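In what follows, a single structure is set out as structure tokens and then discussed.
So that you can tell them apart, the chains are marked A, B, C and D in the order they are listed, and the count of residues begins at 1 in each.
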């Protein structure tokens, strides 16, 4: 089944990479311009009617954000993930709130946390979790959260840091020699 | 004395010479025409004067020097003189009205016009059958020619239909004449009448039947009258007014002349023909949108009524002077009003009744229009009112119940469409348009208007020997109308002076319960008049009506006869209607108001007629004839229902909320706190009669009345809690409170009546207070929806105080006066043994808390709205009366004996007292109550605690509206933070079934049924000439067999 | 009656003090019982007193306006007034209070005094929850007043008087003379109404701490709250005394009063711990159905 | 009922909202002297009404206090649904900035005298969220804390112990942090405003 779907997909869309994670879960990577078209195709013709999630990963070293749309087919009980890589310098992606209204929430979150814009998505500029955030989006890898915390939140002096592994070993098995 | 034959000579002479005159100049010929009509009017007027003011006997004029049957003779009596005068006068005015079209037309119309009037004159005077036929032909042919003169396809068609119909009628007439001549050998009407026994033979019957039928067809009975309606619709208004009034008058008089030929047992059939015409024409008129056609239906209906009344009075052998009075009053009302309305139609030049709204910008013409409408409906003091009064009285006396019902029903239908029309004009949104009011068109209207007014004032004074007392409301209304140009504040002061003067004037005759009601009606109005000073500008028309209404309520108190009572009642109704109609969106509610009020008035009228033995007034209580110990049950029910409608008892309440709410804000307080009590006053009088006279099952009736009262309380209160509009809420609340009064009155015990009156007075105080406060609030915030207000306590603290005191007094929470009412009510009910009613009223009074809290919370408490940031306290004119009422409430709360003691002395003559005083404590047979002590204890406890709170609370910071604990959030919008809309949603879920609009649905159903019936009946008028002829023939045949032709 | 006014006031104050202490203790005792039923130790029975002292001891307060300030005063004046218009103990001068002011109708209506004032105060706070609470409370009140009023009517039919003292007198002699036994239906209806009056479960939706943080008093604190807490004791006791007088033969001494009011209160407590909560419309329907029918039956039987 | 004339600047609020909020500056109210204050403190200690506002994961540890096993009622403690009527504010662990805003608001709405009990490491030094961009490290820089309970999370027993400690402090008259907050109002406000960027409320929530 999945094979057929995949076959049809490859015929229709320029898929660059296929990763079969499980028998009922595959990930396909495709260019930004085809992604929404593909998602829409999957929803309308292949029965992937459920948007499971929309997430992003910051690959700062490659200069890209990778968006992952996971869709679910209730009849076949299969998931398909569409991976899209977008330029980190121009983080703009087409909105899919027209396909699933709830997608606006994901997109709102991505806008706030990664700064990825989805033009046209409702309330895209409203704060999602952070009220009045003024720094660069906090989930980007170039945001130094420790530094920010130390500058902003009055760290209490005298805080000690331990390596958890070493510390637990010392506490629990003080007699044993370190390997 | 000028010989009446001169009339014909003048007519004929000028008609023949007219072509000659016209050659000289049209102005000259027209002047001749006017002159002829003027002279004729003068001749008729002279005769009329002689008949009315000297004991002149009718005169017979023999034309050829022979006595009948060999020659034609004319008769000049009171009736003839009256009709001739009217016809020639209207001819004269109509000619004036038509002067412009006469000027530009050929000469023939002038001649035809003269001929037509002459024809009518002839019809009226002649006593010869064949001669009558000739005159009928003259008038109808000239009418036809007049109709068809202007070459317009529609007019030609309608003229043609007219000709066919009148031709058919002529055939019948001629046939009848021939038969009669064959049987009796004479054509002289008087001689025929003396030998009228021939009618019992079948040929005799047929001959008389055909004769009468032809006249009746000329009088346009339903349904054989389609041709006439087309005429009314298409002809120019000057001509149509002549056709509708003068022509009809002539034919009607011919009918009147020949009526003695009808055997006594057949008279009811004739009356039936009339009543069918009356009812159905009025019914169909409801559906009309064309103004002339509507007026046409109204004319036909009125003629139908005239036929009925004439036949019935003859059937009942009513004294001729009385029957003449009734007939001529109806005749005159229709004559003047209809002619006037058709003339106005000619000025408006709009066909659709809604387009008449341009009248709104011509106050003078609008007033005249209104007066004509009122005259048609039979509002006092117009002639129709008196006719109706006498007529119904006779019918009731002879137990012709069905006829009473039908006549009143028809009148109600008529009132419906006429008032609907009036209301839509007054309240329409249409823009101003240029309206030409040429003098030659206006003058006739004004003359008729003045004539109507003079007659209307003359009748009560001359015929019913009214002195000034019952006419004072009209006098007050007129005085204020004269001062109408003054600014409102001044007029309010004048009104107050008038009312004070009136009160002083009638004070000597007041005593006992009438004193209580005088206090409510007059003192209450006096204080509330202060609030009307807040009106800006001159506000024309308000004060005259208000003073008229207040004084007519006063008139109710001092009425000395049933007629005076009814007169005042109707005056009050109509002024109140006009006041309601002043509200911006009051068109529909006002119509409902007047419909229900008129229905109530008609019920009252018929009730009073059935109870003719009693003199329905406070004075009359002392003069019950010993012979009349039985109060008829029908009368009782009719009268009580009339009053129940006035108080808005459940089932009849649908007029109440709308008209209270949509009236202007200060008017509402008059209506709710004062006007509604008139129903209570009436009921009180009725119950007093009930006490003095026996009636079968009187206990059962009062018990039923009690249930009606308590259900009114219950449903009124329940409806009130679901209203979003503050005035609707208060209107339903009034309904509930009046239900309590009805309940108490129905208890027929000392305590019951004391509590009823106590509540009536108390209701005046608190309801006027709340309504004035609310009026002040509305005037500032500009909305009536409670959810759009909020937090106004900070902006309008004084209004808040009076609403607060008002709701405490209303809800019956001690220590304020409301509790006194509650205590009295429950004690009375329990004493009486009405336990379930007591339980239900407890429930209702708890429900009252709901709407009262909603009232004060959503307006004054909660979140203030940003748009009301700059709202100021209401005008002091609103506040002064409120504080006077607060003072009154405080006084009777502190010292309940101030009010309960006098009330109980007033009731003492009627019932044995069951309460007694010990100091300030009031003891009943069941319990006791010391209002004074309650007040002191409450105040003492309250003050002590307040002092303790101030001491113990420490630092207090005054905070603002958003400083609330909002689940760790903060509010953003006052609108969404203010919990106000659909306040009692949960209550609706629980008890919503009780407030389904069942009653409204029922009345809507009645309305729809009537409307669709009218719609389908209207279908019979196909507009097709042949069909109309067929109708006439069928009508003839069917009636022939119904009336027992063989 | 013949007692001088000053003495009368003094007596009333004593009577009031006793009933306040008893009313508050009653609340504490019930909390203790609740705790014991649930296997807890629970607060001491004087906990209400500590709470009130603490609440009076609050140092700061805010006010939303004059009605907000006066609301609690209305409330407690209503409670005290209600008590003062009931003769608490038969034959006692000290505990006869100001019952000369009026009969049972006065007491029934004076109950509204506090509720109305409180509702107004809560309204001025501008808090939507207060208004919702009031809307619910008033709605429920209209419903439970029906069986209550009907059972009072039944009593009036039975004793031909509205005078509380006379009603109590008529029940003297034997325990079987109590209305409870002479007119059990009316008593049952009235007791069900009492559940609503006390706002115990299943009729506690008015206060509903979870959804509309305790309803009408949401914004009240400090001395306001203390006054209201005091009132809760007094008002509760006053209602119990009224019920005792009307249905349970009244009291001839203070111990009888304490035992009887405690027992009556326990009825609603027992019901309260055993039931979940009605929605407002459900409780309205319930009150207008079951207890109302019972009360109507009581009246019908008496009339027949 | 002394009227104070100091007004808050409320400069972070838009003009049209100023009319909605009270802008009076809070004032300290000194405790009474001698026996009365001691008596009142005793009463306060024995009637601790806890604001039912779970600000972090520690809130779940508060619930067992109501149960028969821990039964906080025996000490006169009770949960209370509205800040107006409570006197103890239990900070239940980590406080995100968003929550901090609500904490400040609720704290200011509690009427004096008021006490704060902070639970868990997160309130002390940020705990495991010390490096989060969105979680404050030390609650006592934003509102004054009367007592801390350590642990991640502290068990209900520990919380009871903390509350008992608080009771002792109150009885000794040492729990006057509410006045401290007012005295150092500017400092606290500055700290609060440093982290709460969209300050859409008045400077003091009455």
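What to note about this one:
Throughout what follows, contacts are C-beta pairs under 8 Å (C-beta built on N, C-alpha and C of every residue); 3 or more make two chains touch, one makes a residue touch a chain.
Just so it is clear, the structure is predicted and the values come from calculations on it, not from any experiment.
Distance from per-chain Cα centroids to the pooled protein Cα centroid is smallest for B. For the pairs B-C and A-D, the larger set of C-beta contacts lies at B-C.
Computed centre separation for the pair chain B/chain C is 54 angstrom, with centres defined by C-alpha atoms. Chain A and chain D have CA centres that are 38 Å apart. For this pair, chain A with chain C, the centres built from the Cα atoms lie 61 Å apart.
Rounded to a whole number, the gap between the C-alpha centres of chain B and chain D is 72 angstrom.
Across the assembly, chain C contributes 58-62, 213, 218-219, 222 as residues in contact with two or more other chains.
Under the contact definition stated at the top, the residues of chain D that touch 2 or more other chains are 22, 29, 82, 84, 206.
Across the complex, chain C is touched by residues 22, 29, 31, 39-40, 43-44, 46-47, 49, 68, 71, 73-76, 78, 81-82, 84-85, 87, 111-113, 206 of chain D. Residues 56, 58-67, 69-70, 72-74, 76-77, 80-81, 84-85, 98, 100-106, 109-110, 112-113, 115-116, 119-120, 123-128, 131-132, 134-136, 138-139, 141-143, 145-146, 149-150, 153, 156-157, 160-163, 213, 218-219, 222-224, 226-227, 279-282, 284-285, 288, 295-296, 299, 303 of chain C are the ones that touch chain B when the two sit in their complex. The touching residues of chain B, when paired with chain C in their complex, are 791, 793-794, 804, 807-808, 811-814, 819, 822-823, 826-827, 830, 833, 835-836, 838-839, 842-843, 846-847, 849-850, 853-854, 856-857, 861-863, 921, 924, 926-930, 933-934, 937-938, 941-942, 945-946, 949, 952-959, 961-967, 977-980, 983-984, 986-987, 989-991. Chain contact summary for the complex, chain A toward chain D: residues 127, 129-135, 138, 143, 145-146, 148-150, 152-156, 159. Only residues 1-2, 16-17, 19-22, 24, 27, 29, 53, 82-84, 102-103, 105-106, 109, 200-201, 205-206 of chain D touch chain B when the two sit together in their complex.
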